[in-house]
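Here come two complexes built around chain A, the first alongside chain B, the second alongside chain C.
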Partner chain A sequence: MTSIPAQPHDGPHPTHRPTLRPHGGALGPGEDPLAHDNIHMPPGWGRVASGLLLGIGGVSCVLTALYPVLAGGSGDEAGKAAKHALASYHVGFLYALGLALGSLGLVMIMHLVKAGWSVTMRRQVENVAGLLPVALALGLPSVIFAGTLFKWTKATDSLAQHKAPFLNEPFFYARLAVYALLWLGLSARLGGLSRRQDLIRDPELTRHAVASSAVGILVFALSVAFASFDLIMALDYHWYSTMFGVYFFAGNMIASLSLWALVLGAVRAAGRLRGLVTAEHSHDLGKLMLGFTVFWAYISFSQYFLIWYANIPESQVWFMVRKSNGWENVFLFMAFGHFLAPFLVLLFRDVKRSSVVLGGVAAWLMLMHALDLFWQVRPIVYALENTGTPTPGKMGLAWVDVTGLLGPVAVFAAAVVWRIGRGVLIPSGDPRLAEAIEHKNYV
Partner chain B sequence: MAAQNVRYVTESGEEVYGLMAQFSGPADFYHAAEMVRDAGFRKWDAYSPFPVHGIDEAMGLPRPRLPLLVAVVGLGGAALGFLFQYFVTAIAYPMVVQGKPYAAWEPFIPVTFEIGVLFTAFTCILGMMAFNGLPRLHHPLLTRERFLRVSDDAFIIAIEAADPRFDAPAVQALLTQAGALAVEVVTDPRPAPAPHAPH
Partner chain C sequence: MSAPHPDELTTKRLAGLAPPPISAAPYDPRTGDGSLNDDPTQRPPLVLGQRSFHDVTETVCGYIEKGPGKWWLPAFVTSAQVAGLMPLMILYLAVTGVGVWGLNNQVDWAWDITNFVFWIGIGHAGTLISAILCLFKQKWRTSINRAAEAMTIFAVICAGTFPGVHVGRIWMAWMLFPIPNANAIWPNFRSPLLWDVFAVSTYATVSLLFWYMGMIPDLATLRDRAALRLLRKERSGRLPLIGLSYDRLRALVYGVLSVGWRFSSRHWLNYEKAYLMLAGVSTPLVLSVHSIVSFDFATSQLPGWHTTIFPPYFVAGAIFGGFAMVLMLLIPSRIVFPGMRDLITARHLENMAKIILATGFMVGFAYGMEFFIAWYSGNSYETDAFLYNRVLPPFVAEWIGSERSAPYWWAYWTMISCNVLSPQLFWFKSARRSPAAIFLVALLVTIGMWFERFVIIVTSLHRAFIPGEWHMFYPTYVDILTFVGSCGTFLTLYLLFVRFLPQFAMSEIKAVMPQASPHHHPGHATAHAADRHGAAHPGGATGMPPGLAGAAHHPGEPLRHPDQPKGGA
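Then we have the complex of A and B:
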């Protein structure tokens, strides 16, 4: 793992250096890409935005918590309001958790495939993965009030009894604790190796990161799949889908890649990472977004298609609820908004190469991921009674659906912005920095 | 500069295809391509034993038109696949299958996807061949012993006599200045059509 010389075309014609198209955010002649200013945000950058986001998040969380009181009602209605607030909050928590988890997955995948091209961008995704403690802390309300959110905790029907060896409270909490420990361990290990390499510049640490990722990706795949069973699928405990873990992963990857594009867009807009993250990197990030947009559509359609065809009651119940009472519009809208439109737009080379346009697509995809989670979680509030029989329900949209989502997401976003402004913007000790700086798409 | 209708022939009356130059390695080859590009030639090509990264920019090649064609035909094929299934199952021969609605879109998706992929793949391959002028059974360059080494170790740039800027002595000077190891005249062994334009 030696560094690569910066000039690939050493010919006998020094007057005819390759005249390549100028990169986006190119450096001036003689400028050092690794200059201190280029790899650190300006002092105080994002302080206002971060504080504002934290304020919005805090107020939203408080309003969400107060919703059962503010909405009024008594008895059954008050119970519904509490469940409504909690389910809306659960969407926001899952969103923040998915961002951190998807980023952790990206870090491991990049280490495993020894991706040289993305080294100058990797620190940003490591930062988001490093915010797992924040995302997990945001999940505490969902866990504390699990009795309200997860109806299997109170169910006594035969299916609940059949599933009791897995779906019982002690085992449930133990599983959540194990997931949290595994994820925290992985993100601390990989983030720590990368930051230690900033200081001691030991290429050997890259090998350690690869080895940790090889084990970590297995742990990650299983724990994320089971977490999706526990945190989302178990909301409708009569239902199961063997594909659900992959579905959760696919959505998280889209959201994390989009957040990555947005963060890099913000950093480049501040005039940083010139010559380090260019249109070439943006191009490849856009390709990944395109790929995972298709992957999400493939997985979500496959899951739906088999269940639709078989039409067996216990597997159909999930879609019965989510394709009636107005939810069918959300379902159809996602086919176009979450797949077809971004797919067609991302096909264009110029879209992927512009960090501004790609940022716009990324923001749209992040909205769509929120809608996807909302569509998965929120119908449980009004659609199902404890018997598990679909009842005439309603969407029951209320302002708490906005605050519930916004609360955890804005708090997490505040942490992301805060994190960008602290520390070096690239893994400055990585042995493949030169490869990333040289990166070009030859097609 | 030579006019477009001028035809070059050798002393023995053979049609001249153009001039061919060999370069010692990818760096010389790359810079020579830049020089030929900057001299404003249009009908020329560069041949190497392996892909030289960035050679398309050094040659000043425009973005390929193939992707747009593939996108249009691929998406059109997908739409065609969808509409065909809709026509058959909902209009021409409606039949109840497993109690599903006639016009249920769900079962159409896999076939729509596959037809889209099929059209995309065919357009890719056939379009690539059409834009490259393939299949082609003969090329004047293949008559030169030196050119055969292009699949081994030779880096070659050939400028066609059909280029409006082609002027044999000037082209030879340009290629030599670019660092060519050797410059050769390439002739087209097919009988030249009479009458010959004077040169």
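Then we have the complex of A and C:
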């Protein structure tokens, strides 16, 4: 594969104007969609971007680590600054983890429903799922400093004692290790099957993937739900919500679908996947984004609404903190920014069929997902100092909120860009490849 | 994938050159009836037995025109008699009062609301299959959507009855509606019970419209077939006393119902657009109805009811129970209507079995989350509502030395075994492929879903915060017979449906048959079959939009004689 020289790319491709061409017909007559050049990125593609992102991520991580020193202060102040830096970093880690997990879920769902339309796009989402090791490694600071991040590690009140059989440090680390092993195993298995199929083109491997996904999706549902309890809900161990796992899943799905749209947009902008990923695929991906935007709104509204309506103090505590000290603005903004605006925009057919416009919406949704996680995690600093009760406080925004979030996210993004440039862009041995190439919407 | 063109096939058959259509393809150990092909390089056929478009029309219309068989009348009479129990019991309730039910001060909702939630849940599968699976382009849905939609309407009718009568004074039911102040009483807009009225009535209206609109082309086919027979002076039976011939009656009734449908491409175009829009509107409705039903419980502060996972959990449960009911209707249908086995293949049943397994896990996930969070919350009322109202059987309590046990443990464990354990059978391919096993699991799931609502409602209510408020609920014969009557009502309506209305969306089935594909040309098909990887052409109908294909070859159109008056309203 490496022996084929780089082909100069000839100007903007018709793919850039897909709305004018209903089927995104970007291939010339007689041109083979599976030509080597069409299913590989140009050699060296993204090297600069990847390096740049890694640099930004690294610098951000270092700055975040130094925040307690740079922000000055001593004693209690320094402790607070450390917690602030850690909470912001935790948001970034959860964001990267959610992207990998959502992508893993997407791969399994596509196998389970025997999706044909998305085969030419599946490799990109497999790649992101395959970066789970990176996402998990980024979580090390959160785990190492769990004592600072998670109040329950030091709490002694009766509730903490009641929850001790679950929320104790050995079991907590053991659980995290089990989740990590399960996810790594699943992503390695599914990614491995798909890449092996590139080489040996054995349709039987598709059936293995379906079987692994059937078991995998169960493991995935339970582990993701409990991971959301451990990594987010337990930040305030007083609070509980049976919906929380589904809420975490819904947010991750939006972010992963959006990342998928962005990656495909980048690949198509580089003139690759002509005739393989067209406006038809973009259209259906946009529909999924629309669907999950509504699903997220449904889940988050239901969770909020039921707690607000019943108005029981112990379940209100989460929202009391997140609806005061300025956080209420974030909360209200998400109703429009995370739901209403993308919902209305994604209703339009032309939006979904243009990889450029869809990419814009995807970038916005990814930003909104970051805001959602930030709103969930960050109020544990300043706003919620005393156990269980919201205290008058402040949002306490500082530059570390940007670097903390940007650090892990930029590192993960660097890995994604690096991954796109390596290997085939499609699962070239998949038996349903022809179906995906012929995919049409007819509406 | 290389089936001959339907016109060619029909011509050959009429000339006696081709064999008549094969009903129910011979059983093959590997592929079952031919649809259970697991090869990822192929998509299994959705219609078996080398059917032409004409065969589909003949199969679907034939059961209406020639009658479903000798079994129908006894079945109808029996179920209608059972259905009669419902108005009888409601009458007794209305003239006597809710004391005829087993309610008491503590348990003031029991079988009435259990039955309501049970039936409204069943009413979800139809719209799910029609709307959500339509948006997901699941082509296999075309064989089952019509029957499922009909079932939805009938289930919603049964469901709607219970809240209407559950306070006894049924003449006050009009107060459910936001009628401007007549008696200084305004409905409480802050109550989820009122939102329920809106949600359920909206759902019923849209589901009815969706069902009826989808049926119009098929009703027009029935009209045209009757009109053609009249034109050819073919003899049909006559109505007793009036002497009106059945075909004249059919032409009249189906003619009025088909509102002037003429199979023109303009009609199809509008139909397609309307269908898509109704699918878009119905999809949020499927979720909203049962979410709002769940709000009836979850907005309260009652332990066991107030939990945030209720909305999606109820929706998943509704789909679960709805699919079980669809299976319970379609599996016997395949026996009493043998021609349908080519349309509802073993693959259709297997797909539905997989949905049962998946949604069974979703409700199992919700049960698990509720139970875990009940403990995790540290709220002793919440823990007690689970442990000592629902879960702990007396013999286990004795064994572990607990002084308290859950009196309704049998209801809880019935729910768990039916809803979580029984679908596990579907991990086995042989179970997913055996109609008998699927029927059994569907039956268990239906029982389990009824018990789920009973567990949620009665076990949470019967022991609230103070021991002085603790009362058991025992159903009376009126409770039981009202529910039995509602089952009879449901079945009666379904039997009427299979007798007089098309059970399949003919145009939609035709659109997913291989002949509908623009790539389908008998001689040219093989050229398409091999792509560069040697993978076979995915086959099936990747082609024309549903409806358009049906229009092009629809039997209704060419049959119309130029002199014949238009049969529409």
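Things to note:
Criterion: the second predicted complex is superposed on the first by the 419 of 443 C-alpha atoms of A that agree within 3 Å, B and C clash if a C-alpha of one lies under 4 Å from a C-alpha of the other, contacts with A are read in each partner's own complex, and residues count from 1 in each chain.
Everything below uses one rule, namely that a contact is a pair of C-beta atoms (placed from the backbone, for glycine too) under 8 Å apart; a residue touches a chain by one contact, two chains touch by 3 or more.
No experiment lies behind these values; they were computed from the predicted model shown.
Of the two partner chains, chain C is the only one touched by A:P203; chain B is not.
Legend: residue contacts after superposition of the two complexes on their common chain; A:V294 is shown touching chain C, with no touch to chain B. Shared-chain residue A:M243: touches chain C; no touch with chain B. Residue contacts after overlaying the shared chain place A:Y442 against chain B and chain C alike.
Touch counts on chain A: comparing chain C and chain B, the chain ahead is C. Using the contact criterion defined above for the overlaid structures, shared-chain residue A:L222 touches chain C, although it does not reach chain B.
Taken together, the two complexes place residues 309, 440, 442 of chain A in contact with chain B and also with chain C.
Considering their complex, residues 38-41, 43, 135, 137, 276, 284, 287, 291, 295, 298-301, 306-312, 361, 365-366, 368-370, 373, 376-379, 531-533, 535, 537-538, 542, 544-545 of chain C touch chain A. Partner chain B is touched in their complex by these residues of chain A: 8-13, 16, 18-21, 301, 304-305, 308-309, 311, 347, 349, 440, 442. Only residues 25-28, 30-31, 34-35, 51, 53-54, 56-58, 63, 67, 71, 98-99, 106-107, 109-110, 179 of chain B touch chain A when the two sit together in their complex. Across the interface of their complex, chain C is touched by residues 32, 34, 114, 116-117, 158-159, 162-163, 166, 201, 203, 206-207, 218, 221-222, 225, 229, 240-246, 287, 294, 298-299, 302-303, 306-307, 309-310, 312, 314-315, 429, 431-435, 438, 440, 442-443 of chain A.
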